[in-house]
Amino acid sequence: MTLIWSALTIGAVYALVATGYNIVFTASGAFNFAHASLMMLGVFIAYWGLNVAKLPVIVVFLIAGGIVFIVGALEERVAIRPVRNPEALLVTTVGVATLIDGATQRIWGPSPLEVPFFGSNQVVTIFGGRVLPDELWILGFTIVVVGVLMLLSRRTMVGLAMLAIAENREAAQLRGINVRRIAWGAFAFSGLLAGLAGPIIGPQTFASATLASSIALYGFVALAIGGFGSLPGGLIGGFVVGLAQEYAARYWGSTYSDIAVFALLLIVLLLKPNGLFGRINERAV
Amino acid sequence: MFVNQIKRVPPIAVPIILAVIVVFLPQLGLSLPNQRQVLLIGFLTLLVSGLNLSLGYAGELALGQPAIYATGAYVAGYMGVHGETDIFLQILAAIGAALFVGLLTGIPGLRLGNWSLAMTSFFLVLLIPDIVQIFQNQTGGAIGLAGIMPPTAFGTQLTNYGYYLVCVLSVIVWLAFMRNLVTSRHGIALRVLRQSPVLASSLGISVFRTKVTAYALGAVPAGVAGALFANLDHYIAPTEFDFALAVTILAASILGGATSVYGAIIGAVIMQLGPLESTSFQNDALIFYGLLLIVGGVLLANGLTGIATNAWSRWVLKRGPVSRSVHISPDFQFPPMSGASLEVHSISKSFGGNKALRDVSMTAERGKVTALIGPNGSGKTTLLNMICGFYKTDAGSITIDGHQIDGRRPSEIARQGLARTFQMPMIPAGITVSDVVLSGRYTPERLSIGSAVLRLPKYWRVHRHDRERIDDILEIVGLTDLKDEEAVKLSLGTRRLLEIARALVSEPRVILLDESASGLDEDEVARLALLISRIRDAGGSVILVEHNFRLVLSLADTIHVLAQGEIIASGAPAEIEINPRVLKEYLGVKEKDIEEAAAIIEADTTGQQR
Amino acid sequence: MSDTAANLGMEPIVDPPAPLLEVKNLATGYGDIRAVWDVSLSVHAGKLTAVLGRNGAGKTTTLRAIAGLNKVSAGSINYQGKDISGLQPHRRVTNGIAFVQDGKRVFHRLTVQDNLFLGGYTLGIGRRKMPKEVARIFEIFPVLGERAKVVAGQMSGGQQQMLAIGQALMAKPALLMLDEPSGGLAPSIVGEVMETVATLKTAGIGVLLVEQQVEAAIDVADHVVVLDIGRVILDSPASEIVDLDVLKEAYFGSATLEGEEPGPGGDAS
């Protein structure tokens, strides 16, 4: 059961990445490879805030959320909006990811840094499995985020507008929807979420720029399993990936966990390209 | 005057001179450390070139070069550790392994969109350390593969210069092959594939085979580079093949221009030498690459070579904007065509609950112009797509001269002799008018990739045929003056004619024109009508899917009218234009006016010359 | 289709002297292609101007420029007395211009209700208050009311067309632009659609109608403009057009047939 808790925890991190992908993808049709790097930036800011500057937790949350919000907004303006075709989007988002990773390495060096958890480090036992409070926080945060977003997308006009944009951008404009502002907003909002997640996931992931690319890819697997554009799908997909990773590591060794997830990716893409709940066919992008 | 002399130098001279210089650099006193830099640039050039082939030409985001590089390196390294030191054998083995891995990792791309292919191939890079670890007995695991014996060739140990030469020549040979490939019809095929799989199928180009070829060919240089790399330091560290390398290769490709053969060199030079400039730059390398990718993705559509060639053609060659015209020579001899008949037998098709076509039958007779007209929602486009093979029939069959074509794949149907044009012309960017016509030559005459790359005699023969046919067709259609212009930049009417030229050059048995007249002005429509009638007179079969009623009345031998999924009228133009049902159902004439309208038209017809 | 005026929440307005929309010497196109060279037309509140012409004449291009989707290279577009050429498309909607594109471009993956909600996006009310507004549209198109939760893509062409018009009406527009609303519809349905369009006038909405169905268009028009190759070749009050002559002109000129269907066929320019 302890295994399941850690699988769900790491799965929740992937689900957060997939959620970031989903928000942006639905609102603008762009796949933001740099989202994991945004999350890692949040972790680095958490490290600095909690370990170096020793600021109060609330302040760290605000700063992390605020800075990454700005970076996300900047990314949309500079690397997404001016870009014409989808291939170039991959190039620019990889560029943003590389830039962020390079910057964090420059500022804080290449070695992984420890991020202290703002709460208790006392292990608790739930359902027969040992779990850290931080892990519970990660799970809780992810579920709450996905839940709130699902509610927002179903209950608000903005949520409906995003679906419209995803289907036909021009028709959405003609209904009075400010497509550009919504795309920008989605990026900025995903940055906010990424920043807020920093102090929460940091203690588990450590602040490590090199980790961003693998989290980005694992998050993609979660997205593929859940289906492009599906928020609940991203959550479930994340958990599936987490479980696959941990069980493969447990029974075959950690060398095999990447391979297991890759196999999972291939199986899903080849058998069910739209994922479990896919609304939007990725091929159309 | 100097400029005039420059103009006369053929472009190929530049790479050749460069190649010669590089070959002799060590003799000219280049130090060993600098020779190493040249070799590293060479390896990166190979990696970038492979990416250019799949990304720049085929448009496939296959980014797994580090994995293939690693494969080639470890295969050659393993051979080197165990006594097989012949470098050429190692290269061959590496190519074999590279092909295998390249194809394996390309498989997702066959079925999926580009993002999925990109992510899958990136993921491979993640797997490298794991696979190296799993096979650590063969690969040396995380500490790397050491003890690779020095390379030999033809039985004797290679000197430093010998090894240098092998590396440089490998790069030169690969670039030559790549140049031969992309300047041949296969390069055009890749661009067509990149533009649209639908277009590729309609030209008889098999999407599956072309994609697989792109993955395979893109993997070859990476494998070669790996084999050469293994012999550089006689040691392979798995940390060499990381994500940063994948990003570097992508950045170099963008910088040099993903569609340029030689851009790979420029990109590689900048990427390799850039970090050398300052020690602190090493730390900032990622930042530099990141910025480069962002700027490159936004601005540099064709990379630095694109900027250079644009500048060259604008300032040195003084190419001005296009101001040439199109004119069909009235007395040019139209070659005879062997038109076939196309029969649609009782076709039905539903989508979900919606019955798009209901028991539709019609025949396009050989050597005639058959028009298919119908309003929005009549099922016209559905029928057209079914004839071309994009939809399966629920019932009924479609045949060409009696041979069944329904149920077959679009590229097969194209090879059966069905050529078509598109309502919005599908023309790849960055190629000339002649190249567009060339892409139609796939069906009449085949050419293997090997022949193209090695420029075997068959290549030259086919090339000559291509040139002749293309020139003939351009003459017929009236586009001879425009043959070297970039096709996408021409006017809509000209692009329509170009699509017809592309269809004609494939020696079709049936030509299907999809709303060719829409958006054209009167002169252009007249030109189009003239061309169509000459095709008919030469024996060709033309199916005209149209909504320009006037054009249809003047040109067609038979008109079939489709409305709400059914044929409501078939016959000669004179019958159709006064057919009450046609007048009502879609000319929108109210019941009470039909008789009056019919009378007017008839009176006007007898008075008018058609 | 009763009480349309009341349902639209507007009062019949006495014809004001200044035009609601005034387009002067418009030149526009798509990218490199110049489709409109010199077009001038106007629409008054409560009146319908019909734009006719052969395919490729520039009718759709003109509408798109007024909606803000195409760039204007020359000329002016004045709406309610102000030049709107620099205004982004979504801002024009907020100002009261609604554009119903050809080809029934509703959101096929969403329900009728959601489609109508989106039509009311500019009303600035929350999703919860939408059903009340949507009820007006259901009064005009009961057929839609019966299918509120049906996914738009599963309805027939005629129903989708009604939904498209309903969407536009949700925004309470002052100017309604319709691009070939009769496209691919059975003649009887065309009649219904045109009747609805005619009643919109009584609510004070100015209508700009592009049509292939010449007769149907002239029946509801107050003013007729005919385009050919990007220029105006006829500009006259509808009452001054003699039926038969226009009919002749139409058959040997404008009586072309629209073709706009999904699939690799693409769309018309």
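Residue numbering begins at 1 within each chain, and the chains themselves are lettered A, B and C in the order written.
Following the convention adopted for this analysis, a residue touches a chain if its C-beta (ideal position, glycine included) is under 8 Å from a C-beta of that chain, and two chains touch if they have at least 3 such contacts.
Every value quoted in this text rests on a predicted model; they were computed, and no experiment measured them.
Novice: Taking CA centroids for every chain, report which one is farthest away from chain C.
Specialist: A
Novice: Going by the touch criterion at the top, tell me which pair is linked by more C-beta contacts: A-C or A-B.
Specialist: A-B
Novice: Measure off the straight-line distance from the CA centroid of chain B to the CA centroid of chain C, and report it in whole Å.
Specialist: A distance of 40 Å separates the two centres.
Novice: Would you mind pulling out the distance in Å between where the CA atoms of chain A average out and where those of chain C do?
Specialist: So the centroids are 43 Å from each other.
Novice: As a quick test, compute the distance in whole Å between the mean CA positions of chain A and chain B.
Specialist: The mean C-alpha positions of chain A and chain B differ by 36 Å.
Novice: Would you pull the chain A residues touching chain B in the complex into a rising list?
Specialist: 31, 78-79, 82-83, 86-92, 94-103, 105-106, 210, 213-214, 217, 220-221, 224, 255-256, 258-259, 262, 265-266, 269-270, 273, 281-285
Novice: Which residues of chain B touch chain A once you look at their complex with the stated criterion?
Specialist: On the chain B side, the touching residues are 55, 59, 61, 107-108, 111-116, 118-120, 122-124, 126-127, 130-131, 133-134, 243, 247, 250-251, 254, 283-298.
Novice: Would you tell me which residues of chain A are touching chain C in their complex?
Specialist: Chain A reaches chain C through residues 155-157, 160-161, 163-164, 167-168, 170-179, 279.
Novice: Applying the document's contact rule, which stretches of chain C touch chain B when the two form their complex?
Specialist: Contact set of chain C toward chain B: 32-33, 35, 54-56, 103, 154, 156-157, 180, 182-187, 190, 212-216, 229, 244, 247-248, 251-253, 255-269.
Novice: Could you please specify the touching residues of chain C with respect to chain A in the complex?
Specialist: 67-69, 88-90, 93-94, 98-99, 101, 105-110, 114, 117-119, 121-122, 126-128, 167, 171
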